[in-house]
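Each of the next two complexes has chain A plus one other chain: chain B in the first, chain C in the second.
Here is the complex of A and B:
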């Protein structure tokens, strides 16, 4: 909690917003003692700012400065009171609904949704018109008209927390509902409570000013809203007396802006992706180092990666995720890349297509694909290079497909981007590709959500083959699938590979699978390629201790175990492949 | 179809809830303001008309549930009673023209603001950290912190009273004959510029920020990574992949913010003496014209519910996933 507060203060938005708001609170608290009586007629009406009246006088001759300063007090008091009350009511309704669930939830959610769609101002007016005037009326009316949004937010949060283990544990332990809500749920909603309170105060100030402007406040009181009400009534515009309404409006905006800044600071704290990303590390050194390394590219290799370094910019400075990796892939070869999560294997795969996030950059080394230096491609050349030469199957192809386009459209935009195919020819090719991966061609008109996970992954593969690339990067393409589907899919990939002759960079943490599937396997540990060898040799005599550790961590696959535990089909498929060009120079070690 | 019917059912329920609130609030209020209201009609209208008015509101000596059904029956036949401020015009007649002006003004302003704000949000997210993102967005957020009606006052002061570029009040000049003539339409347009512009300026930042934030989230998804990997032209990735997918949650948010924006634009009408429902609302408040006030509440609420239903249909059209369950 203290750490959260400290981080909040370090943020510029929070600092500016907080200072502004504190300034206004101070003015509201002590300011009224230093100014004239805001209701007394102090001078001539409609007088512009002067030394006697710094902000001029109103249409009746009151001091505008005094009205602005004194108005802050009741406006902010009501604003914060309503803000707190709305948060309380919203939290109470929302948490009750989310926590108790079932019928209670249904009823409360329905009520909440109804209040959400009923416009607040007319509702507040009808209610306000029937209640006796005064600050109490304002608080009741604004709370009644504004609680629903909060209830909705708190319900969602309560629902999410209820599913978490620590709450489930408390339920099993037989703790009372009240205790679970106050001890388990509320402390975990601290930041939501804070940002809701700020958002509600913002709403309250705005709505209050609006209602008072309408004349629904206590027109005898001095608040910002009534100031504007009187400005309108006393013909401030007609007499060109801008000073009557401008100061109040700016005060309202500054309070509103400070609240917006604070709530946005809290949002960014809980959701860091909203902030501008840190700048990627500079790649200034790249060329100098890359040139000599390029000469070492193996003749006949389809892909030659040399001394590749990739760094991420983090809050703690640059962090090297891929460290001096060199590898070659021959045409038609299946190269397996293994490593645990965080070893940099996916980053390496993305780098081949220069698909790194903006916070990451290639700081050193070269990627040469079939004579093309990928790291040196211009944006337009890179666009043309992607997919037509190297394509990719994502682990999450099921979520990677665009949910709002039919499969046909997604085939079409891909084909059209690389040489202006007509829609009809794209759809025809789409059907052909779908059939190739074992799907019904009619699915070309389907939307992604109509397919199962395995089917979507097949679509991902079909899409990857659309332009007949020479290398397909497969990043954990089967991890999210069940074993049977996985087996069928990989078999299909190997068949297609045989037929079409593309090379595969297969990335996974599943070493036994890799050994069964690949011609050669590279082991990545903490960004370094520690061992590269043929699958056959790795299985029997891995040299690097890390490789041996990885191998032994799979129960059926000791370093001496020659029998791979993978499904028979795979075994057959793998052994059916001729080991091509296993003699290519491998990694550094 | 099931989805559409379910949404329709919900809005009917919400409409019923607001009808009922309209019935309950005057009866629960302390000090019996309803009786006071009818007392104000005393002497202005004939005793028979007063009885008819009371009946329309269900204020009879009958038990409350009988009152309630009488009230519902009158509403269903379009009888909202008589306006006090515009006596003897029926409330429906007074509201009818006002509603047209409001829908025209607020409708255009909101749609323009949403379209432009969304586009700006797309560009800000796409060029994150660029000048749109780091300069325009905060500037618009600051403008959005002003009350709509205050921006309207300022705009009127500067461009109406100061520079004299635009008319000061009303929806059209009194010397122009209303009709489907070019002169009249141009005149209405000239009158609408300032009020519409102040609503647009006040709301633009909100739409921009929400679109920017949803789009930033979409930009981090695998859908976008795949789009880039496929070598699609950047414009296509931005519009067809990122913006298109970010639009869905934003349109839903649009529906939810509609009531709020409408409330703000009602206050804007007052500044310009624009003859819409907002202007009627303040007349009703100042004259304690309860029939008109309640009629306005109902009509505005029903309009917002209808707009929300339209937004739901729009989402249905935008999102194949909801369409499948519909």
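Here is the complex of A and C:
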């Protein structure tokens, strides 16, 4: 909590907004003691600013400065009171509905929706007629008209949180409903509560000023809204007495501005994706030295990676995720890359297509594919290179496929981007590719959501093969699949590889799978390639202790081994080497 | 003979599908029965969509079956308590969730999670509380306990979080722990530690564990008995050594052949057909994919057969082998 506050203060938006709002609060609190009586007729009417009346006088002769300062008090008091009440009522109704569900939800949601369709202004006018005049009436009217929208926001949040495992875990632990709502759900909504409160206050100030300006408030009170009401009544515009309404107007605008800044600061704080991404680390001066490394590429290799370093910029400074990795892949070879989460295996795979996020950069080394230095490609050359020479199959087929396009359209997108194929020819090629991966050609007209996970991944492979690339990077393509589906898919990949002759870089944490699938396997630990060998040799005599640890971590089905527990020292050594991943966006777990 | 620790009898669960006024329901569990003894680990294996997690939620009383009974030490808890579980049930049956990144509340410390369970079930109070929290953390191998208790979930690794989740389940001193794929979200090098921790609990404290997994290899190492679920029904159950070394049901064989193990696992063909028809409404759900299926499989649900003691198989092929049920039992 303290950390959150500190970060909030460090933000410029929050600092400006907060200072401004604090200033107004201070004025509202102590200002009235330092100015004249705002209701007394202190001087001549319609007097421009002078030394006696700094902001001039109103159409009746009251001091405008006094009215502005004193008006701040009630305006802000009502604003914050309504902001708090609307948030409270909305949150209680919304969370109760979202968490309890069923009938309670039906009843509360119906009520909320009825309130939402009643227009706020007429409701406020009708209500105002029945309540005694005064600040209390304004609070009730505005709360009544404003809570429903909040209830919907909180209900949606509660629905999302209710499905989370920690709520189920609290139920299993025997916690009561009330305690789950107040201690498990609400603290997780702290940022929503804060930003709703700020937003509601903004709404309340605006609506209150509007109502009062129309004369629907207590015209005898001194608030910013009534100031404007009297300014209108006294024909301030006609007499060009700008000083009567400009100070109040500026105050309202500034309060609105400060509240908007604060709420946007809270949003940014709690949603890191809204923040400006950290700049990628600069490439080291080593770039010039990269040329001799190219010559070291093994003859006949399709892909040669030399001394590759990739760094992410984090809040704690640059973090090296791939550390001096060198590897070669021969044409038609299956190269397996194994490693645990945070080992940099996916980052390495993405780097081969230069698909790194903006906060990451290749700081050193070279990637030479079939004589082309991938790290030096221009944007246009890169666009032509991707997919036609090296393509990729992603872990989550559902997020890799576009849910609003049929499969045929997605084939067309890919094919048209590389050489302007006609729609008819793209569909024909799509049918052919689908048949190739073992799906019915008619599925070319299907939508992604109509397919099972295994079928989607087959489509992912078909798309990756659309331009007949020479290397396909497969990033955990079967991790989300059942073992039976996984085996079917991999057998199909190997069969296609024999027929079409492409090479595969297969990335996974599943070492037994990799050993069965690959010709050669590289073991990545904390960004370093600790061992590369043929699958056969790794199986029997792995040399690096980390490889042996990984191998022993998978229980075998056939052997009658009841292996000794893994040495804890080794385990700790392994985890100690991991890079600080918590700060990385999108780090896999 | 005393009744089993936890017994499920003919559990059924279906969920509504379709729109607002649709009465269609999709069956997720059909007549699932099993029993769990004290100090035993029963592995529940099956592919995604087989109903494993639904069954776990029913037993953890996060959900209520359409029909069927749950018996805890012989006592029918659903008949007595209805929809919401009593604190006494929660105190005896605990659950460890699949994703330790989601099952701990990010706003609370490790100590808070454990203290709540201890206080709610009256296992400790006052000054004793802190001591008990530290003892729990040490018992799951999280040391130094004083420091770890003060941490928040995001400050822990996946393996450490799952250990906290196990510690929370242990805090109420339960008799049964339902572990829903407790290691599938963990890195391989930390998996074994968590599995060994679970195994130790059955040996030291006599806790019965229902271990839900899709990983047959870890089931083989951990479980005393295995229950294979396909499309919401039990197709084969028995001692781990019987089921995994001499599988009888074609689906169990298919699962076993797909486990990545050995150099030539990708060269052996899968013993299954590509399903061309939906599962028959009356027959065996596996029939469309089964390489041995015949007319019977499409027309009638096979009964359970007992090829060996405690080994149940739901397949017509077993009966055609001519092994009478009673002969198998007596052997």
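Criterion: the second predicted complex is superposed on the first by the 511 of 589 C-alpha atoms of A that agree within 3 Å, B and C clash if a C-alpha of one lies under 4 Å from a C-alpha of the other, contacts with A are read in each partner's own complex, and residues count from 1 in each chain.
One rule holds in what follows: a contact is a pair of C-beta atoms (placed from the backbone, for glycine too) under 8 Å apart; a residue touches a chain by one contact, two chains touch by 3 or more.
Predicted, not measured: the structure shown is a model, and the values here were computed from it.
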Which of chain B and chain C A:29 touches, first, second, both or neither: neither
Partner chain in contact with A:119 - chain B first, chain C second, else both or neither: first
Which superposed partner A:536 touches (first chain B, second chain C, both, neither): second
Chain B versus chain C as contact partner of A:170, first or second or both or neither: second
First, second, both or neither for A:403, with chain B first and chain C second: first
Which superposed partner A:209 touches (first chain B, second chain C, both, neither): first
Most chain A residues touched (candidates chain B, chain C): B
Chain A residues within the chain C interface of the complex: 164-166, 168-175, 183-184, 187-188, 190, 340-341, 453, 482-488, 490-491, 494, 509-513, 515-517, 535-536, 539, 549-550, 552-558, 562, 565-566, 568, 571, 574-575, 582, 589
Residue ranges of chain C in contact with chain A within the complex: 47-48, 57, 60-62, 87, 90-91, 94-95, 97-99, 101-108, 116-117, 120-121, 154, 157-158, 165, 168, 172, 185, 187-193, 196, 214, 216-218, 220-221, 244, 254-266, 269-270, 272
Footprint of chain B on chain A - complex, ascending: 110, 113-114, 116-123, 125-127, 129-132, 206-207, 209-210, 213-216, 228, 231-232, 236-238, 240, 242, 245-246, 248-249, 252-257, 260, 273-274, 276-277, 350, 353, 355, 382-388, 391-392, 394, 396-397, 399-405, 413-414, 417-418, 447, 449-450, 463
Complex contacts: residues of chain B adjacent to chain A: 10-11, 13-14, 17-18, 21-22, 25-26, 29-31, 33, 128-129, 133-134, 141-142, 144-147, 149-150, 153-154, 156-157, 160-162, 213, 216-217, 220-223, 225-234, 236, 240-241, 244-245, 248, 256, 258-260, 262-264, 266-267, 270-271, 281-282, 285-286, 288, 290, 293-294, 296-297, 300-301, 304-305, 308, 318-321, 324
